[in-house]
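Common to both upcoming complexes is chain A, partnered first by chain B, then by chain C.
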Partner chain A sequence: MATYAEMREIYEDIRNDFRYDHELNGCLNCGICTATCPAAHFYDFSPREIVQLLWTENVEQIYDAMQEKIWACAQCMTCAARCPFKNSPGGLIAIMREVSIKHGMQSAKDVLRPFGRVMLKLITTGNQLSPDMIQPDHFPDWGPNIQKVEGDLKTLRKAIPVRTLQTTDTAWEVSLKTSVEMYTIWEMTGVMDSLQIVDENLFDVIEDFIDEKREDYNDWLETQEDRKDD
Partner chain B sequence: MQNTVLVVGAGPAGLAAAAGVAESGNKVVLVEKAAQLGGTPILSGYAKLVPSGEWAKDAMGRMVKRVEESKNVQIYKETKVTKFAGEPGKFTATLANGTSVECGSVILATGFTHFDSINKPEWGFGTYEDVVTTTQVEQMVAAGKVACPSDGRVPERVAILLCVGSRDRQIGREWCSKICCTVSTNLAMEIKELSPTTDVFIYYMDIRTFGLYEDRFYWKSQEEFKTKFVKARIAEVTRAPDGRLLVKGEDTLVKRPIVIPMDLVVHAVGMDPNEDNPEIARVFGVGLEKHGFIERAEHYTNTCGTTRRGIYAVGAALAPETIDDSISQGTAAAMRALADMNALVQKTA
Partner chain C sequence: MKPTEQSPGNHNTSAQGAGAGTMKPGFHNTDGQGIAGHGSFFQPTNLSSADAAKATEWVRKQVDRRTLDLGERMDDIREHMWELEKDGQIIVHRVGDEHEPKMVKTLFGWDKKIPTKQLWHHKSCGQCGNIPGYPTSLLWFMNKFGYEPGKDYLDETDQTSCTAWNYHGSGIGNVESLAAVFLRNFHQAYVSGKQHGFELGHFYPLVHCGTSFGNYKEIRKYLIESAELREKVTKILGKLGRLVDGKLVIPEEIVHYSEWVHVMRNRIASELQTIDMSNIRVTMHVACHYYKMVHEDAIYDAETLNGNRTAIGTAIAEALGAQVIDYSTWYDCCGFGFRHIISEREFTRSFTMDRKIKVARQEANADVMIGNDTGCITTMDKNQWIGKAHGQNYQVPIMADVQLAALACGADPFKIVQLQWHASPCEELVEKMGIDWNKAKGNFEKYLKEVEQGNIEYLYNPELALGGKA
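After this line comes the complex of A and B, so read on.
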């Protein structure tokens, strides 16, 4: 359990985010955010409660909500589209999540662990998901429609008229240049810093991979220069 | 020097202003764009007025009769002012029917426009027949029967949604329409009088039954008529397979999302600035405040004044307003107009 001073510091980090005053104007306690929230229908989660805790500066309860509740939000932003005050409860939750990562909270590590695989897939292929990963056992919610993507995947994908989409182990082909640019974006926007905080091992693996890809890219650039010289 | 007063709009405020000027012995020209005098309470078919409980047609009828019978009032219906020029004491207004009116001052009693619920599609108006507005329920009460438009059945459960078109930054309406809370509690009681087995639920953000409306309407609707008040802003209205409406909200005191079946959903529609206000502002050369209502002058010594000297505004032309206060403002503006013209006469003498 954190000390009051630590909880206060976490709250101040949320409060001082440059988006905070834009996302929170006040609160009429009308509950339209919670009424319209898909997550609130299935979990012990209420966007209005989050807004109220922030508005009343209840640092202990804010800390408590950051243990689990804020991760129930699907970031669909219906709350922001409905709020008569034009608050964005979803936007506030985005800030709270970023702060929880910055402070290396165990809850953030636990919640984000399963996404490590997605991140690895993304960094190695540029895709979050590939067609050959869509197998009936893993997608029971698709119902009988899953049969349509079973069978001869290669032939089905060949039917797509866009050449870069005719692949099965990636959703589409991502060029080396695009991948390297994506790594740069992640580094400059702090994604890699966040990753280092929540999963040091994954961070190391990905860093090595990025270095390798950058070298490949630089080699390719040199071959282009050589060609020009010829 | 002209001391005729031009009154624009013949609702509660305009009728009071016209009567005030006329009974003080001055001439009035009253211009009304509709074919009938009486303003929104008559044109929208209101039932009993708040707080008097008198039928709108009787109360407004007396105000109309008083003005129609006055020798000092010249009435033009179904016309508008299209051109306006001059200065205090020497204005000339041209009406759409070609008439030219010389006047010393003008009182704008141009009222408001009901919020059009079609602009909040998630609340089902225009999609489901049994979603109606307070204006429609007023008309039902005036006709003596509250029924679901879809099949004519008497509703078992009625939901009244407050703040429809009010207090909502999403649709650029940041004002409280002031009167809908009290009107809704009154309608809840009227529904119950017509159908004692019907349950009425009012969904609110805050209840603003100010002043004496607290016990006469808010408390009374609970204590005597068992109206249920739920602190919740409804997220959306949908329809169940059996045809009943479903309202989805959060019961904020119980802190859980709820979906409740209803037979009739009533939008307590707010007051928009009169949709003609941009035209009125252009013709008369007066300013509009940020919401689109007519802009007030300094109020303490220039009561009912606008941004142009010699032109006054009253009632819901200035902001959402009650009928009673609109009438008082109409009378106050009559006083102000006559006093200012008197001062002009003394100055020129």
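After this line comes the complex of A and C, so read on.
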């Protein structure tokens, strides 16, 4: 359990995000946000409650809500479209999630563990999912007819009449130079630091992958130089 | 009048003292005064007919859905972009005449330019990975209109996803990273024409993904409003060599593929349609991130759904002559939830079955549910089978607006529309449209043998994707 001072610091981090004043303008407790919220149908979650906690600066209950409730939100932003005050409860939750990661909250680590596969794919390739992730053994609840034509994945992907899509381990072919530029963005914006906080092992795997890709890119650059010299 | 005299609750059922104009049957008097049950503080105006009409007109104007909101008080971020450009801080990638734009109206009646030509396809990871019939149908349409690959459109490998799926799912990432990714991709779109012999800005980005569309608009707003954010990302883009004359490139309009389909709908129907759609019952699910994020930028049309809901999707289905059927959960999200579809699937499948599939089947008896985004199509398409486990045996074919339009225009259900990747019963829709599913499937299976031999049919010369010539 965090001390009051730690909880206050977490709240201040949320409050100091420059988006905060865009996302929270006041609240009359009308509950339109909760009435229209898909997550409120199935979870002990209410966007109205989150907004009220922030609006009243209830730092202890904000901390409690960050343990589990903020992860129920589906980020559809229906609440934001409906709020008469032009609040964005979904936007506030995005800020709270970022802050929970920054503070290394165990709840964030637990929630994100099963999402590691997507993070690995995204951070290394710039695509968030790939055809080889969407296979029947990964999604048994999608049923036996997950696709309508039998055949190996590689051939079926080759049958897509667009070169960029004839891939199996990325959604589309991303050039090596593009990937390397993206790694620089991750590093310069603190994304790699966040990843390290959430999952040290995943971070190590991704670091190795990035190093390898950078070497590949440098090798490619050298080949280009050699060609020029020739 | 003393405050106590306004106290509600003391209902007068005899309608005595209702003031001028006796209470009409069915209305409820609250406390013996006032009109139409609104309470004693509501008094008749005794206006002349002409004045009453004038007053009513004024009130109607005020409560019109497009002005009731903050439209008049809301900033149009694009105006600030021009100021920043004038100050020499940014370069605005313009939608020029060469992009042959069509003008549309957005939520508050503002104008938005939709470029129709010289488009840089900014792909969607969910579409390309899971529903490839989205981009293939779109490119097929462009070819059908005689667009020249490499000049009128470009699909290349120098792009990443917006990374917002991950951000909304996990909270890993931040405004700065999202902004840098946005600006990097859009810079590439701006300069991409050069290697093909064109000027800067030749190709205009066409965003395929709904979440990318919403995310990019939100991030553009933050970039315009925050000098600090611009300063931070300028350093990053500088390091990447992604500035033009030391400046950030920001697009005049952020344009979604479904907006292209929308403005081309009448040409699609009049020039390309080959199949009568009048017996097809269509329900529409518009992606939340299309019209609920930066909602002032979504397209509305007084002739579609009375201008009360975004026209996207509905308008193309109507242009094709299909029956568009309304349903009570139209505004609901699909249940995708970003992280939920991966690791909290009970929520995703329950919500989509309860609030979308079951309703489309029971209320609308839909032949098809169309959408305009990645996650929605995946969620609604893939989560029908599991409904049987809870006695919810409801099935509806699911596909994108552009896929349905391509079918109506004679595109091959497998080679182009790529329905083989869908789990929902699309074959039922295809058969109802008069297309022989089994024959098309048989032809495609033969084609797969050709593919194995390396004989692949392309929509454009594959070298183009890698910077080669058309």
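Please note the rule applied: the second predicted complex is superposed on the first by the 202 of 230 C-alpha atoms of A that agree within 3 Å, B and C clash if a C-alpha of one lies under 4 Å from a C-alpha of the other, contacts with A are read in each partner's own complex, and residues count from 1 in each chain.
The definition used in the following text is that contacts are C-beta pairs under 8 Å (C-beta built on N, C-alpha and C of every residue); 3 or more make two chains touch, one makes a residue touch a chain.
Fair warning: this is a prediction, and the values are worked out from it, not measured in the lab.
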Open item on the list: Both complexes share chain A, so when I overlay them there, do chain B and chain C fit or clash?
Closed with: clash
Open item on the list: Quick check for you: in the superposed arrangement, does A:T36 touch first (chain B), second (chain C), both or neither?
Closed with: both
Task: Partner chain in contact with A:N145 - chain B first, chain C second, else both or neither - done: second
TODO: Once the structures are superposed on A, label A:P114 by its partner contacts, choosing first (chain B), second (chain C), both or neither.
DONE: second
TODO: Give one of first, second, both or neither to describe whether A:S130 is in contact with chain B, with chain C, with both, or with none.
DONE: second
Open item on the list: By the touch definition at the top of the document, which applies to A:L28: first (chain B), second (chain C), both, or neither?
Closed with: first
Open item on the list: On the A-aligned overlay, A:R48 touches which partner chain: chain B = first, chain C = second, or both, or neither?
Closed with: first
Open item on the list: If we overlay the two complexes on their shared chain A, which of chain B and chain C does A:A81 touch? Say first, second, both or neither.
Closed with: both
Task: Broader residue contact with chain A after superposition on the shared chain, chain B or chain C - done: C
Task: Region of chain B that runs into chain C when the structures are aligned on their shared chain, from 19-27, 127-135, 217-225 or 289-297 - done: 217-225
Open item on the list: Per the definitions at the top, what is the overlap between the chain A residues touching chain B and those touching chain C?
Closed with: 36, 41, 81, 86
Task: chain B-facing residues of chain A, complex - done: 28-37, 40-41, 46, 48-49, 81-86
Open item on the list: With touch defined as at the start, can you tell me which chain A residues reach chain C in the complex?
Closed with: 18-19, 36, 38-39, 41-43, 71, 74-78, 80-81, 86, 94, 97-98, 100-101, 108, 111-112, 114-115, 117-119, 122, 126-131, 133-134, 139, 141-149, 151, 155-156, 158-165, 170-175, 177-179, 181-182, 184-186, 188-191, 194-195, 198
TODO: Would you tell me which residues of chain B are touching chain A in their complex?
DONE: 122, 163, 167-170, 205-206, 231-236, 248-252, 255, 257-258
- [ ] Give every residue of chain C touching chain A within the complex, in rising order.
- [x] 70, 123-130, 132, 135-136, 139, 155-161, 163, 165-177, 180-181, 184, 188, 214, 222, 226, 228-229, 235-236, 239-240, 242, 288-289, 291-293, 295, 331-333, 335-340, 342-343, 345-347, 349-351, 354-355, 382-386, 414-416, 418-423, 426-427, 441, 444-445, 447-448, 451-452, 456-460, 462-466
